[in-house]
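Shared between the two complexes below is subunit A, which has subunit B as its partner in the first and subunit C in the second.
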Partner chain A sequence: MTTTWHADPIALAAYVEGSLDDVRASSLEAHLLTCDRCRDGVATSTPADAIDRMWGGVVDTIDTPHRSAVERLLLALRVPEHLARLLMATPSLRLSWLVAEALALGFAVIAANGTSGQDEELVLFLFLVVAALLPVAGVAVAFGPGIDPTYEVAAAAPMPADRLLLIRAAAVLASSVSITALAALALPDLDAIAAAWLLPALGLTAATLALGTWVRPLVAAASVALTWVLFAAAAAVSTQDRLAAFRPAGQVACLAVIAASAAVLAHRHTLSEGRIVR
Partner chain B sequence: MSAPTVEIHDVRKRFGRTTALQGVTFDVAAGITGLLGPNGAGKTTLLRMMATVLAPDDGRLRLLSWDPQAADERLAIRRRLGYMPQEPGFHRSFTAFEFVDYVAILKEMTERRARHDEVRRVLGLVGLEGVSGRKIKALSGGMRRRVALAQSLLGDPDLLVLDEPTAGLDPEQRLRFRELVSDRTADRTVILSTHQTEDVAALCQRVIVMLDGQVLFEGTPRELTQVADRRVWLADDRAAGARLSWRTADGAHRNIGEAPSDADLVAPTLEDGYLLLVGDRAFAEEAA
Partner chain C sequence: MTVRADGDDALLLAVAQGDRQALEALYRRHAPWLLARLRRRCADPGLVEEVVQDTFVAVWQGAGRYRGTGDVPAWIWGIGIRRLIDRLRKTSPVPRSADDALVVSAEDEVLLGVEHGDLGAALGHLSPELRAVVQATVLDGLTTREAATLLGIPQGTVKTRAARARRELREVLA
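Presenting the complex of A and B:
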């Protein structure tokens, strides 16, 4: 369709440059919809690089990977786009894993609310032991040979495998701690002991990462988990206090484990930046 | 040979009681080098070392003039390396685009627009631009192989290590692969392991044959073919002295081995040379 009047060439040039005011630009765009000649004028006077840029933007928008709920949350939390993409390949950051974590803790909370007296203390003990182990389980399946199907390709890439594991472990720890903290709020007779899993969780995660510089993450996590369960049970039996591992002495021990693990990690990371397997 | 880009000297590797490599030594220059050998010959172990994912127990490697054992030099190698493993794993819920995009991030391409342009480029090189949005779990085996090849081409690497890149590809895709690899080797080094002797004959300037963790032959494809000179002949039946013999489509038997003096000799292929080379060693070991 063609109209009988045509746009002023100066206005067209200003439109192409992007310097035309909004009201006149809207009016001109309405005219362009019905005028072949003016539309041709815009097309021929638009610089090729501007069209390329625009087309590149369109193609990029189409190609941009579908973002999952977790990835959108990461972006909302200002995590850089490329790191969010890397984290999306973490099994223990998938929605299904997070839901499973929440369900496990939810059942523990329901059990705690349905008991009293000695049983209540036993359920609290189990909740605290399991809560401290959840991030360890997440870190165990965050990255490593036999866990990440792209491990072989990642191992040959410039980004060191150690760094990728630390990035993923930090994200897993943050998600586990958030979920566990919410679950702990629902415990009966909420007091300070309900938060006593936090330092053990940090300590066990740090110990898993430190041990993981020598052995595979799954082996490291299993060893740390077994040691933790034995320690918590032994402390309970030897002191006749089921929550002994979570009292101040236990918390100090966890701080010591965190400090020692951090030192090991720093030392081993320096030694093994992007190390190759022997 | 021009200056070597890959130097391998007396490299050894054991996995428990199994000896994978026992004193491998050779140099590779820019161009395409093919690694041939039966399963278990040590090709994949050697390629994994060239891809900096596995360290030797003993011996020395230099890749692009750098030492992969030194952390800073290893990083420099990885920045110029493309690697396609024998069994590339995928996050199967990713699309082809997402997977290559993920590897591009691991290769330090953090700026999104430029990274996506590069991902589109390499997917286009392997002819997958039309299915880039399809989930990997929905792709055929050959397409997945091409996705793996695409990620290895990210950043136009100086050293391209490809472990059986044409396995599972149909004939047309294999031709496209040859075209793609041969187009980019003017000053690049490509090392590919394969069971396809036709690929070596068509593509490679050098060929290395491995057997039992050792280098059995190193030379040009022509020199490997010459191993079978005057040792391939046609006859009505399987010849008594033939190491290998099979009936061809026109009914004659193609015999490989020590030809009798009156044999109807035919021009050997690279595959004949390879079969004789590997067969001679096996024969010698049996005799010993």
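Presenting the complex of A and C:
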């Protein structure tokens, strides 16, 4: 159907103003869906500032980066916006990383459930050693050039480097401890030993952060991990008890490491003479 | 229906490929009438402006989903009116005075001549409440539930008013 009818400018202006009567307005609305010329008429009667203002709003929304579900959750928990963004940029808080952690522990748990006697103790030993190392690995890849996509941004940000380090380490620790705790619940013959990885995990993470005063996180984490594995193996061999490193004496040693690391972290600035290695 | 939307189709295609200028052209062309039309259905100017913004953000994100079914202005209107209803569903219904009451119609062809025909007079006879229901369900093409949200009345009331409006129109036109 070809239309030759067009609304007169006065009616269009009245429509935009909202003063056109109902029946004529309906008629016009149906016509506007098909008529460029009358749409232009409406446009010329509409204040340009309203149109420009709304366009600004559209552009703002389009340019705002999409927020992930986790980031929205953090914001809902009243985490400040800049902190949430910094946390979300942490490589070891990515879903892929967390899934990898869960899978690694999951296989250990499945292995532990499928064995008995001596073998079971060996699997438990491996589970505990790995569980204590997970947050260390997370901290190691939480920062640094080539790993952290926001490294350059963070280096130039008006936020102390060690504060970012501690915030991210805390988040990494919290996420891997929760995942490990869930995995530990699925261990066979659940007893106190299933939680024996917790203090070592805290101790190793603290030691990594403390070492980070002098070397890059990756180097610090590698040194700590190697020391830990050697220590756990040596304790097992020398005492004929595979879980020796996780008995009360080992736990006390972990507490001592945590205390020493905390002391180093507290005096980080003096110890590194103001040069924080990242 | 004349196809006067060639330009719109081409613009929408460009928008689907991420062309910001095409979006702006589409916006400059269609935001004014969308703003005016939504304003007649909602008394809160701030809310209407947000809905217009939402609509074009949705066009930006969903341009690829436009299948060329029906013309672009109708597609944009469909997004706009549903965004308005979503907003109204979240907030409490905006109180509306009788003057604001919504308008009526049947189909485009009838409406183009409505100023001179009997139908115009017949619609004029309906009470504002009945006209609002006829407009929402017939001209705006809303479901009973959507119309109920837009008008801030129960769904049952929408149905009874629509039936009454039909009956009254039939009597006047007979």
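Criterion: the second predicted complex is superposed on the first by the 195 of 278 C-alpha atoms of A that agree within 3 Å, B and C clash if a C-alpha of one lies under 4 Å from a C-alpha of the other, contacts with A are read in each partner's own complex, and residues count from 1 in each chain.
To be clear about the criterion, a contact is a pair of C-beta atoms (placed from the backbone, for glycine too) under 8 Å apart; a residue touches a chain by one contact, two chains touch by 3 or more.
What you see is a predicted model, and the numbers here were worked out from it, not measured in a lab.
Trainee: Figure out whether A:49 sits in contact with subunit B (first) or subunit C (second), or with both, or with neither.
Mentor: Touch status of A:49: no partner.
Trainee: Check whether A:31 is in contact with subunit B, with subunit C, with both or with neither, and answer first, second, both or neither.
Mentor: Touch status of A:31: second partner only.
Trainee: Examine A:15 and indicate which partner it touches, taking first as subunit B and second as subunit C; both and neither are also allowed.
Mentor: The second partner, subunit C, only.
Trainee: With both complexes overlaid on chain A, does A:191 touch subunit B (first), subunit C (second), both or neither?
Mentor: It touches nothing on subunit B or subunit C.
Trainee: With the two structures laid over each other on chain A, which partner does A:89 touch: subunit B (first), subunit C (second), both, or neither?
Mentor: first
Trainee: May I ask you to decide whether A:156 touches subunit B, subunit C, both, or neither, giving the answer as first, second, both or neither?
Mentor: It touches subunit B, and subunit C stays clear.
Trainee: Quick check: in the complex, which residue numbers of subunit C touch subunit A?
Mentor: Touching subunit A from subunit C are residues 1-2, 4, 20, 23-24, 27-33, 35-37, 39-40, 49-50, 52-53, 56-57, 60, 71, 73-74, 77, 101-105, 107-109, 111-112, 114-115, 120, 123-124, 128, 131, 135, 139.
Trainee: In the complex of these two chains, what residues of subunit B are touching subunit A?
Mentor: 48, 51-55, 57, 68-69, 71, 74-75, 78-79, 81, 83, 85, 87-92, 94-95, 97-99, 101-103, 105-108, 110, 112-113, 115-117, 119-120, 132-133, 148, 151
Trainee: Considering only the defined contacts, which subunit A positions touch subunit C in the complex?
Mentor: Its residues touching subunit C are 1-3, 5, 15-16, 18, 22-27, 29-36, 39, 42-43, 45-46, 50-51, 53-55, 57-58, 61-62.
Trainee: Flag every residue of subunit A that touches subunit B in the complex, lowest number first.
Mentor: For this pair, the touching residues of subunit A are 56, 59-60, 63-66, 80-82, 85-86, 88-89, 148-159, 164, 272-278.
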